[in-house]
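The structures considered in this document are given below.
Heads up, the next two complexes both have chain A, just with different partners, chain B and then chain C.
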Partner chain A sequence: MGNSASHSPLLSSDRNAAPRQMVSASMRTASGPTHYGRALYLAINVAILIFLLAPIAIVVVFALNPTPFIQFPPVGVSLRWFEKFFASRDFMHALGFSLQIALLTTVSATVLGASAALALARGNLPGTRLIVATMLSPLMLPAILTGLALFQTYVLLDVGRPTWGLVAGHTLVTLPYVVRTTLAVLHNFDLRLEEAARNLGASPLRTFFEVTLPLIKPGVLAGAIFAFIVSFDQFPVSLFLVSPGNETLPVTLFNYLKFDLDGTIGAASVVSIVLAFVVVVGLDRTVGLRSYVKL
Partner chain B sequence: MSEAATRRPNGLALFILPGALLFALFFFLPIGLMALMSVLTGNPVVAPKVAFTTRHYARMFDDPYYLEVIWTTIRIGLVTTLVALVIGYPLAHWMARIKSRTGHALLLMAVLAPMLTGIVVRTFAWMTLLSDKGVINQTLISLGIVSQPLKLMYTETGIVVGLVHIYVPFMVLTLTGVIGRIDERLEQAAENLGASPLRAFIEVTLPLSLPGILAGSLLVFALAISAYVTPILLGGFQIMTLPILIYQQISANFNVGFAAALGIVLLLISLMLVIAYNHALGLVSGQRELQ
Partner chain C sequence: MMKALGSSRLSRRRFLTASASLGISTIAAPHVARADDPTLRITGWGGKWGEVMKAEIGPAFESEFKCKLQTDSAFPYLPKLQASSRSAPIYDVLHTNSNEQWAAAEMGLVEPKIDAKLVPNLTDVYPYAISDKIVGVSIFTSAIGLGLRTDKGYGSVSSWKELWDPKYNGVRGGYVIPVNSLGQAFLMMCGTLFGKGQTDLDAAYAALEKLKPIKIVDFTGAMEKMLLSGEVGLCVIHDSGIYRYDGQNQPIDFVAPSEGVLSLEQVLTITPGSKMKELANAYVNYMLRPEIQKRLAETVWYSPANSKVKLDAKYDAKLLTTPEKVSKLIQVDWKWYNERKDEIDQRVNRIFRA
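Here is the complex of A and B:
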């Protein structure tokens, strides 16, 4: 199982990056106190990186550890928790349900978010700033309230806890990512390209499909990837909207965690961590991370 | 350029409609209904006689227990924000100033990877570290530093540690953007005029990054006070915060009206924070940008 292997290169190369910086920095500034200051600066930052990444590494260690309780330092390597995880009907059902919800959410958030971004950047709408702020607000407003409000609405309307209701809730909290990444590319690209197409006689529709769409594709794609991973990990909205027996993976993990702390949960965590790493690396390779993570 | 001609909505403006419909049906309507439920005596669909009442709010503000819960939530939020700022600033500064592209990409991945790992998973990670038989206590005991396990979990400190880990990436990303926009030559000029790097930082970079500090802090605070998973698992159901209380009112008491009133209070606090955050970001980017 290549789970830990896909982690260690990232972690180790991070640690390697630090000393290299330190060397170049000390060569640049030769004076004494500056040198120590620089070393301190890097030491603090490396400590912060360890704080960020160590808990994730610990989960991987825990998942591979054969003992049913936390044992540190680890006593061996085993895949029994992964076997237990993949053999568990509850976890597998939850994993499948989460993937299904995440896919549906990705499609709806991408379509709605990208078209909204297009309208906001090119539609000359009045009150654009306010609309953008509103559409980004689910990022900051408590997701647990989105869950609560939707739950109360579904109760009042007596519709039960349907899958579409869960997807709608997830779409609401993932849409901001698509709006933001699409707006970012729409603002960055040269308007004169569209003007040129128009001037050469292309209809607005043709300009859109042959010039605008290909240019904004990376932004839309990045937004879609964010939407998928955020939906897959979403918890507070799901907490209110899932029905017993039809729970998403984070909710199942949470319920399990309340009573038990064995390696199965570690294995389940590793599966979701690996997914996140694959997505981050994939995002970086395909569209580049840098432009899409501005907050 | 004449404002009237450029500002008239064109055909593309219609693309806003599906998104607007989603927000109308699944955001504004539910929140409106929540506000309505918070001032009703019962569920108007099932109960025949329903009247307006302020009792849910009165209950919250008359009972010191609920005020204590609100205060605990805010206190945890404040400490989390402060620690996230202290930890996030150096990393953001490094990310904004690092020259190597690979170095920057690796730092970005190190920040994003925890961010894209689910909240439940990250909280679980901290449980394995902080619990009585967790990694930290086992290590300390085996090294003979302590004889009894330290009480790290089921405390506010434990909650704060978990929350900082979960929300510090938001602080880092906000600050990186702001620090990156500060012209590095300003610091160099200060140093050329004889200031030490530390003094150049304190007198040039730090004041210029204040709007970012404000925006990042507001963001982290807003996220921290609405957290549910981390406070409940790392607090071991013993420390009560507003989101935990809200869910409890629904799941255990099925007191929809009171839950709605608590929700409205949390919403109002968050709304104020969102407005302040947008204002702070406006200070950074000027008024022209959309995002």
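Here is the complex of A and C:
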């Protein structure tokens, strides 16, 4: 800092500085094609962003528009649909129930998925590829069929439609996310770190909690976040597994819009988006997601 | 991070204990709440219907018959009933539209008729409610006709055939026929209007071809929103979808065409394997009581099936509450339709895809 030598690219300790300046110089001297390329790149990115965010923007407009139907341009700003949403016992019960199911699913999918990934990566199991493919298969099967199959299984077992059955169904469809993200970090795991801990006298349990778990945490956390969001928004599996009086928010919304397609749906969607956002930000603040997630 | 947790009142132990308690209570709640009273498992609509059922009519039934009413309002009902055991069906009473009831009856999932000895109020219903076009009993009906914007200068409308008038190109509305019973009923009406009758499918297909361009929706409730927003000017719709905005100063109106209105029945049936037959019959009878019929009719604008019901003047003027008005109802032969549904679906999909 403040060293005059650092101003000279050749004497600089930053060995990348010279090539970087040369590249930027060549870019400055580059004529039209590079400029057009950058503009095209920017335009494509903006188009993708618009494509991703436009539905959310429309939902927000619908939720804030006071008319009982989708109208563009909106005629004003009103919170009447939010009031209706928060005043509805059915919606509030469904929201609370969805959150509870999503949290339970996150815990079960994370514990099972991370354990399974560890066993698959370390266990020298016969037919590992087949087991991995089987564990990821719920992603390939239409979720509505998974829901129907589980429903029939519960009927055959004569257990009705229990809440644990719904959690089990959600766990089934969220498990692949945790397995996949945990396997990804385990793929680059340096086993010598565990060996070093064991050589220094750490027990297998201590090695797991003090060496392995902190190192695979990014994958486990990423999987847990996926599990929460997928469970909270899960519709096809829940459709068959919810029991009367205990419907999740997506199922309640579906039933509602069959009869009333008003801004309450938009308000509920905005609340869902905000909740998902709060979960991600909350995890970032509490467990430092940004420093972990480098997948 | 750990410091922050440690300094706050929420310790890790407390957090874990609270989380575990929440999990256990979520999973165990339905078992804890299960009462000793017998439970009647039924299906039912959401929206206003669901609200009044949950707040008033359901609890009154539970109190009178000393039972629990467990209402499934999460679609789809028929696949769930199909997937459950015939000897221990998931529902005791199935409430759905007539087309689904016929499909259920064909599969032996519901009893085709209700016993009048066990349901005394059956003697007071209009003939359409227990006609040969009905499985079980229709407790209410809506009238499917035309919905019109009154502020667009379209003039008066009196016939179904006016829907084909080119002046409605771009503002004409209908339903996705394979998934919506109003659309299916309308297809049968096309056969009547332009052919030899409901079963004249060739005439119906030709009429649908000429109906394009048309804006089609799958959810029944979506059409009234299209009409309210002005996206549609003339459309197929049920009267309840228009009358529910009564008094809200909306520029929309329902037209009962001169050729007649199609019926959209709310039907109750009992499952053969139900272990709660007595209670199921009591529920059907209860739903046909004049006071229950009046309360629901005036909440959701459905025409009551019980001929003894006296509605308030506002509702009486618009709903089908006299034998003369009821005689304008055209019932669809759903048994015939369901037998050809796949073939019809393929054909109409081709028509509207082109």
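By definition in this document, the second predicted complex is superposed on the first by the 226 of 295 C-alpha atoms of A that agree within 3 Å, B and C clash if a C-alpha of one lies under 4 Å from a C-alpha of the other, contacts with A are read in each partner's own complex, and residues count from 1 in each chain.
Everything that follows uses one rule, which is that a residue touches a chain if its C-beta (ideal position, glycine included) is under 8 Å from a C-beta of that chain, and two chains touch if they have at least 3 such contacts.
Computed from a prediction, not measured in an experiment: that's the story for all the values here.
A.B. asks: Which partner reaches more residues of chain A, chain B or chain C?
C.D. replies: Residues of chain A touched, chain B against chain C: more for B.
A.B. asks: Report for A:185: first if it touches chain B alone, second if chain C alone, otherwise both or neither.
C.D. replies: neither
A.B. asks: Just chain B (first), just chain C (second), both, or neither: which does A:56 touch?
C.D. replies: After superposing on A, A:56 lies in contact with chain B but is clear of chain C.
A.B. asks: Does chain B (first) or chain C (second) touch A:69, or do both, or does neither?
C.D. replies: In the superposition, A:69 touches chain B and chain C alike.
A.B. asks: Which holds for A:244: it touches chain B only (first), chain C only (second), both, or neither?
C.D. replies: The second partner, chain C, only.
A.B. asks: Using the touch definition from the top, say if A:216 reaches chain B (first), chain C (second), both or neither.
C.D. replies: Once the two structures are laid over each other on A, A:216 reaches no partner at all.
A.B. asks: Should A:257 be classified as contacting the first partner (chain B), the second (chain C), both, or neither?
C.D. replies: Both partners, chain B and chain C.
A.B. asks: A:224 contacts which: chain B (first), chain C (second), both, neither?
C.D. replies: Touch status of A:224: no partner.
A.B. asks: Please work out whether A:164 is in contact with chain B alone, chain C alone, both, or neither, and reply first, second, both or neither.
C.D. replies: The second partner, chain C, only.
A.B. asks: Is A:95 in contact with chain B, with chain C, with both, or with neither (first, second, both, neither)?
C.D. replies: After superposition on chain A, A:95 lies in contact with neither partner.
A.B. asks: For chain A, what residues appear in both contact lists, the one with chain B and the one with chain C?
C.D. replies: 69-71, 148, 151-152, 155, 158, 239-240, 254, 257-258, 261.
A.B. asks: Which residues of chain B touch chain A once you look at their complex with the stated criterion?
C.D. replies: 6-16, 18-20, 22-23, 25-27, 29-31, 33-34, 37, 43-45, 87, 90-91, 94, 98, 100, 102-114, 116-129, 131, 133-135, 138-139, 165, 168-170, 173-174, 177, 196-198, 216, 219, 222-223, 225-226, 228-229, 233, 243, 246-247, 250, 256, 259-260, 263, 266-267, 270-271, 273-274, 277-278, 289-291
A.B. asks: Which bits of chain A are touching chain C when the two form their complex?
C.D. replies: 67-71, 90, 97, 100-101, 103-104, 107, 148, 151-152, 155, 158, 162-164, 167, 239-240, 242-247, 251, 254-262, 286-288
A.B. asks: Within their complex, state which residues of chain A touch chain B.
C.D. replies: The touching residues are 10, 13-14, 17, 20-21, 33-34, 37-38, 41-42, 44-45, 48-49, 51-53, 55-56, 58-59, 62, 69-72, 111-113, 115-116, 118-126, 128-129, 131-138, 140-146, 148-153, 155-156, 158, 168-169, 171-172, 175, 179-180, 183-184, 187, 204, 229, 232-233, 235-236, 239-240, 250, 253-254, 257-258, 261, 265-266, 269, 272-273, 276-277, 279-281, 284, 289-290, 293-295.
A.B. asks: Hey, which residues of chain C end up touching chain A in the complex?
C.D. replies: Interface residues on chain C, with respect to chain A: 1, 19, 22-23, 26-27, 29-30, 41, 45-50, 70-76, 79-80, 83-85, 88, 90, 219-222, 225-226, 228-229.
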